[in-house]
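Structures are listed in the sections that come next.
In what follows, subunit A forms one complex with subunit B and a second complex with subunit C.
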Partner chain A sequence: MMSAFEYAPAPQSASVVDIAPSYGLFIDGEFRESADGKVFKTVSPSTEEVLSEVAQAGSEDVQAAVKAARRAFEKWSALPGAERAKYLFRIARIIQERSRELAVLETLDNGKPIRETRDADLPLVAAHFFYYAGWADKLGHAGYGPDPKPLGVAAQVIPWNFPLLMLAWKIAPALATGNTVVLKPAETTPLSALFFADICRQAGLPRGVVNIITGDGPVGAELVAHEDVNKVAFTGSTAVGKEIARTVAGTRKKLTLELGGKGANIVFDDAPIDQTVEGVVNGIFFNQGQVCCAGSRLLVQESVADELLESLKRRLGTLRVGDPLDKNTDIGAINSAEQLARITALAEAGEAEGADRWSPACELPSSGYWFAPTLFTGVSQAHRIAREEIFGPVLSVLTFRTPDEAVAKANNTPYGLSAGIWTEKGSRILKMASKLRAGVVWSNTFNKFDPTSPFGGYKESGFGREGGRHGLEAYLDV
Partner chain B sequence: MSDARLGVLKTYKLFVGGKFPRSESGRVYEVTDSKGQWLANAPQASRKDARDAVAAARKAFGGWSGATAYNRGQVLYRVAEMLEGRRDQFAAEVGAADGLSKTKAAAQVDAAIDRWVWYAGWSDKIAQVVGGANPVAGPYFNLSSPEPTGVVAVVAPRKSSLLGLVSVLAPVIVSGNTAVLVAAEDAPLPALSLAEVLATSDVPGGVVNVLTGNAAEIAPSLAAHQDVNAVDLAGADAGLAKDLEVAAADTVKRVLRPGTGTDWFAEPGTERMTAFLETKTVWHPMGV
Partner chain C sequence: MSSAPTATAPGAPPGGSPLADVTASETSLRRYLHGLPGVDAVGLEARAAMLGTRSIKNASKAHAIDLAISMIDLTTLEGADTPGKVRSLCAKGANPDPSDRTTPKVAAICVYPDMVTTAKEALAGSGIHVASVATAFPAGRAALDVKLADTRDAVAAGADEIDMVIDRGAFLAGRYGKVFEEILAVKEACGTAHLKVIFENGELSTYDNIRRASWLAMLAGADFIKTSTGKVAVNATLPNTLLMLEAVRDFRAATGTQVGVKPAGGIRTSKDAIKYLVTVNETAGEDWLHPDWFRFGASSLLNDLLMQRQKLSTGRYSGPDYVTVD
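And now, the complex of A and B:
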């Protein structure tokens, strides 16, 4: 049923990207099959179509990749910083040139809307390479001593929610500081990393400096446990992060972890309602809520809760769920059947535990993995939906009366990645920001990122920072 | 009657929450000097003592981390003043504990006092050195600043009973963390005397808690404790350090691993401070 104000479809053509029927591992500057010939399929979450077949790395491949990285390390780390910088500038430029192609690819493989890959992911990916390119020949000025040294071979394991952006966060600072890398993208989103391998080729990056191995969790576990790895960087679930921390215990491997979150978005009675509603929506529905720093708990001051919720529900009714390649789409597909099952189970737990569930009327496509934007009210702090990371488009709403109560509730979680504050009162923002135990605090905005800005968590959200001058430390022997 | 006066022996006690309790376990162990001569009985802390110490450290965290950096600097400087006044006592204790000559013991005490003063001066500078404005590509005010991570459990170095101790304790608390310190098992007396100094200076109760006894018994419960945010493994041997690191993984604690052959006399740099700092980045739109 088409109303007068319905948008016409505005599809982005998928023809700008050419996905090969199969991909190998990228080791020592070339693509090769896995040693045992195993492969797995990667599908489009919005259609369940198979996009390509990708090599499943095994032990031998891990060995080969680390060996290639080790071999390349000697020359790469000895290169003058200014030369490494130029490689990174080349990569950054090529990413810009191929930006639309990569955005479409990412949308196909991940399920997130093209509006986000085009306008958020890809510009940030290029910006990260530009930012760290500039550091490569200025490391003596970074505050880590006059001549800080790289660590060696970095094992990097990244998640599926921002495949190319997480690659950029890991690879750009690693290369700038003179390390070489073996990166394993997530099993459900391997393609953009493999396209990145091709960018490395175009940039003329020396062989072995960047190696990409694809596969499942056990391959990642093997990679981080490899004895010739000097640095482990992981972004993903807290459970896996803990396992990795156990693995590297007692070794000299440097570790940084970027784990889960249960961000509180705190709205005071003097907050500008419309601006706040936009921020709350961005906070929890950006990338279908599959964001570690998502504002998944909304804490509203009691006196404005009704008014805010009314506006919020009205706004949710205008969100467009569907084809991620449509430029008007706000909410795309959930990344995998497995993730959809998890979101579904937690939402059901919310209902079972007595919270009130609400979703706007919206039709979901018949194939693919979809979850309607969902709001829970009447949530108590003990409810699973208020404590566990859902990693989906599900917002839990709680209320508070005083700033102290808001702080206590916001901090009442083992996580500490992000928080939001909405108020017109500057002194209150500063006080709240100082009391919230979170690595990033967005006031009167949410989900903003920039390569110059360190990002990372307190408590069980991990340790170490990515981005900015601080992000260099993870890859330097300091 | 002998001419020699019989000395009054000191009962050494733990330092928890600003008070000096005996171990709840009622245990003590014999402390000897480097030649095996009996010096004193030190309390042998239990896991319960460790939990009490964590509770005290957590209780003190809000006030200590919320104090101004200037205030913390003043308090630390005051500790140095108190140490200075007890130089001779510490020189005697360090000499006995570490088996050092009078001169060398005195040099260690002097270095420890100077180290404490050095860290005191960092309180209101570390944020300027490791924090700052981020020039983001957009209309936002964006600032990163360091904050203390919380309660830090410290396994003090087994060598260098005062200088090593001060070199691991001062960087933890100068930035606003609170500490639970496990003193060197064989040389605990300087640590317990340092506790007396802390108690008579202006350090709020609970900011530093000192446990003596067997690190292999006490430290695992600290490394596994849900309410401890970080561990400094300076004094743990390789086997214990690994076990503690594994235990720390369950709560994603920050871990500072033992250094190899640390020279406690060398200027330490900022690493021991930054190891226990979080970076918080605050964004705000800029406009009218």
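And now, the complex of A and C:
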């Protein structure tokens, strides 16, 4: 009898997805090369293999895409809500039908484990389209007046951490409310958006309602600055968000920003320890910690700190790091070399400033971009790793003694996107939640998403809400 | 269990349990059990669901199937049991697949006390243990004297393992001391036989209760904690087994004493059994991946494991007529 129970590799076949050697821009219902013929490569973060070549949009392409969206807006916005809903429902169903293919694609392009794309990303993507499809013919009952009007052309720029999910968060409410869209996915993860373009065609969506342009930051900047855009929606880093805010300031464009975070996960001494450990793991190691609302600061009550840390370390020892296409992988690759360098630098800063660094014994693959799950103890509010968003699998552990101290420390950040509370005491949950300056406060859970639930930030985490009834407001003239 | 009769891990504190004062009085016992960390049902079930998605294939699957077979307490607990039925079950336990002699034998045959002699004779020399449900199984609604007599009877007939039920009525009424004393008394009556303590999780109803029952039984000296009798609507589930595995893991960390876990009732397929093994592996750890520390209380599971085993070796499903019915 074998003494250990080793799991054999259980790779999801990549053959369910057919990636073309090159992709164009999706403008006015058609794929086309960029005007100046420029392309860039997109690679698999876990192997560094080139997956495909994608068109690099330029000024002319931005003009063409906005023009197509403007043309389409007239007819699209004039459709009865129930008609728009039909298209959205159709898109949602096609996403479900093609979910395995899209999950594999996302894993290849992003590096996140198939377990997450299959079990978290894709079901949520479909759910968002279903949810907003349901709103399309009921906008008069959403609380924004009897007949709220769409804004026009929405310029949407999304990040690389949840490429398809962020696309769904942006496109579904925009279309449901009658807007048309020009969306720019992140440079490192353009593929799922291009597959989505194909889904729009499959669903028979009228030309120009959704346009996808691919490229780097300057293209995004040009898009949001375009004078014929009525609405700008951005999810990404706070630095870029500030630039966009400056660009948009003084124009009539409506703006929503969903930016960085440094979420506090607060554990009281009466917390359900085993589930708290799971929640802390999910809070910071979900998607390799590349989550804006990650619970990257663990605030644990001093009296249970040792016990919790011991459990947490034991649990980290069972995390399986490696090939993201393996169905048993918990932690996949970091999205890019650039991001890996950023995480590495911040972790080194943590050590240099005197915090204690710990990682479980785990072997990292030799090619690709990898970072072992990492825990810092002995962290104080003054350390960089307690203040700056790392956007990687790095948890900073701080302690507190009283609820007031926990609130003070949790709120002592330029950000305010998420927070978590772990306690068996219901009254404490309510009291804490009302004092925490964060857009989402999870209690006895973390990183739970649902299309019906609004999401957004305080302070430097941005403004505006996505999801739920609140998410409609960002795309309506109210 | 045969190879590790003293359930003590290295590093155990010398000279008695470090939690001795916990059981000093009903009050201290209650305070301790109610001071255990709570269980968040949503989180527990989510974790169990996640463990259930592990993909076990090829070599891992072959290993898991053989391990699962070797962990089975092959069980018949019917009013209609006859010596003939018990003898054929014993024959099956010793030689589960007549077409493949490399198939491991099961851990134990589990019967009512009056069948222990029959089973013991049938299993002579096989190395398979005889487990017996005693203590007025399954309801446990009898005087302590009766329960102890039931236990002594089974042990005298040769039972190697006793599966006792706790007094759920006393537990739910908060009379932890009574439950504790009963387990102590039965443990005493077991002599050298190993004691498995059955909670009937479906009747305990909350996860907090299951965690408290786990600690209570371990404090009283249980060698194994067992989910259920198999006689009620809710028996073993992945979440309640996960919870009990957390309890034995924490108990060993606190006292140095290792206790086994036995889910029973309702585990019928290889796929389910493998999910339990994954849960053992990732919760308590590989120290528990052995028939000494983990058992399946099951009757129909074995045939599914055998069919899966045949499929792995031949590449085909041969169907239920290629395994024996009992």
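Quick note on the criterion: the second predicted complex is superposed on the first by the 475 of 478 C-alpha atoms of A that agree within 3 Å, B and C clash if a C-alpha of one lies under 4 Å from a C-alpha of the other, contacts with A are read in each partner's own complex, and residues count from 1 in each chain.
Keep this in mind: a contact is a pair of C-beta atoms (placed from the backbone, for glycine too) under 8 Å apart; a residue touches a chain by one contact, two chains touch by 3 or more.
Bear in mind the structure is a predicted one, so any value in this text is a computation, not a measurement.
Q: In the overlaid three-chain picture, which partner chain does A:299 touch, first (subunit B) or second (subunit C), both, or neither?
A: After superposition on chain A, A:299 lies in contact with neither partner.
Q: Look at A:375 in the shared chain and tell me whether it touches subunit B only, subunit C only, both, or neither; answer first, second, both or neither.
A: A:375 sits against neither subunit B nor subunit C.
Q: So, A:450: does it touch subunit B (first), subunit C (second), both, or neither?
A: first
Q: Scan A:43 for contacts with subunit B and subunit C and give back first, second, both or neither.
A: Neither partner.
Q: A:470 contacts which: subunit B (first), subunit C (second), both, neither?
A: So A:470 only meets subunit B here.
Q: Counting residues of subunit A touched by each partner, does subunit B or subunit C come out ahead?
A: Result: the larger residue contact count on subunit A belongs to B.
Q: Going by the contact rule set out at the top, does A:264 touch subunit B (first), subunit C (second), both, or neither?
A: It touches nothing on subunit B or subunit C.
Q: Taking the superposition on A as described, I'd like to know which of subunit B and subunit C A:7 touches: first, second, both or neither.
A: So A:7 only meets subunit C here.
Q: Let me check the overlay on chain A: which residues of subunit A are in contact with subunit B and also with subunit C?
A: In the superposed arrangement, which is not itself an observed complex, subunit A uses residues 444-445 for both subunit B and subunit C.
Q: List the residues on subunit A that touch subunit B in their complex, please.
A: My answer: residues 127, 143, 145, 238, 241-243, 245-246, 249-250, 252, 257, 259, 414, 429, 433, 438-445, 448, 450, 452-456, 458-463, 465, 468-470, 478.
Q: Under the touch definition given earlier, write down the residues of subunit C that touch subunit A in their complex.
A: 37-40, 42-44, 46-47, 53-61, 63-64, 66-67, 70, 243, 246, 277-278, 281-282, 286, 289
Q: Please name which positions on subunit A make contact with subunit C in the complex.
A: Spelled out, the residues of subunit A in touch with subunit C are 1-8, 10, 115, 119, 270-276, 278-279, 318, 327-328, 424, 444-445.
Q: Along subunit B, where are the residues that touch subunit A in the complex?
A: 129-130, 132, 134-138, 140, 142, 144, 149, 229, 238, 241-242, 245-246, 248-252, 254, 257, 269, 271, 278-285
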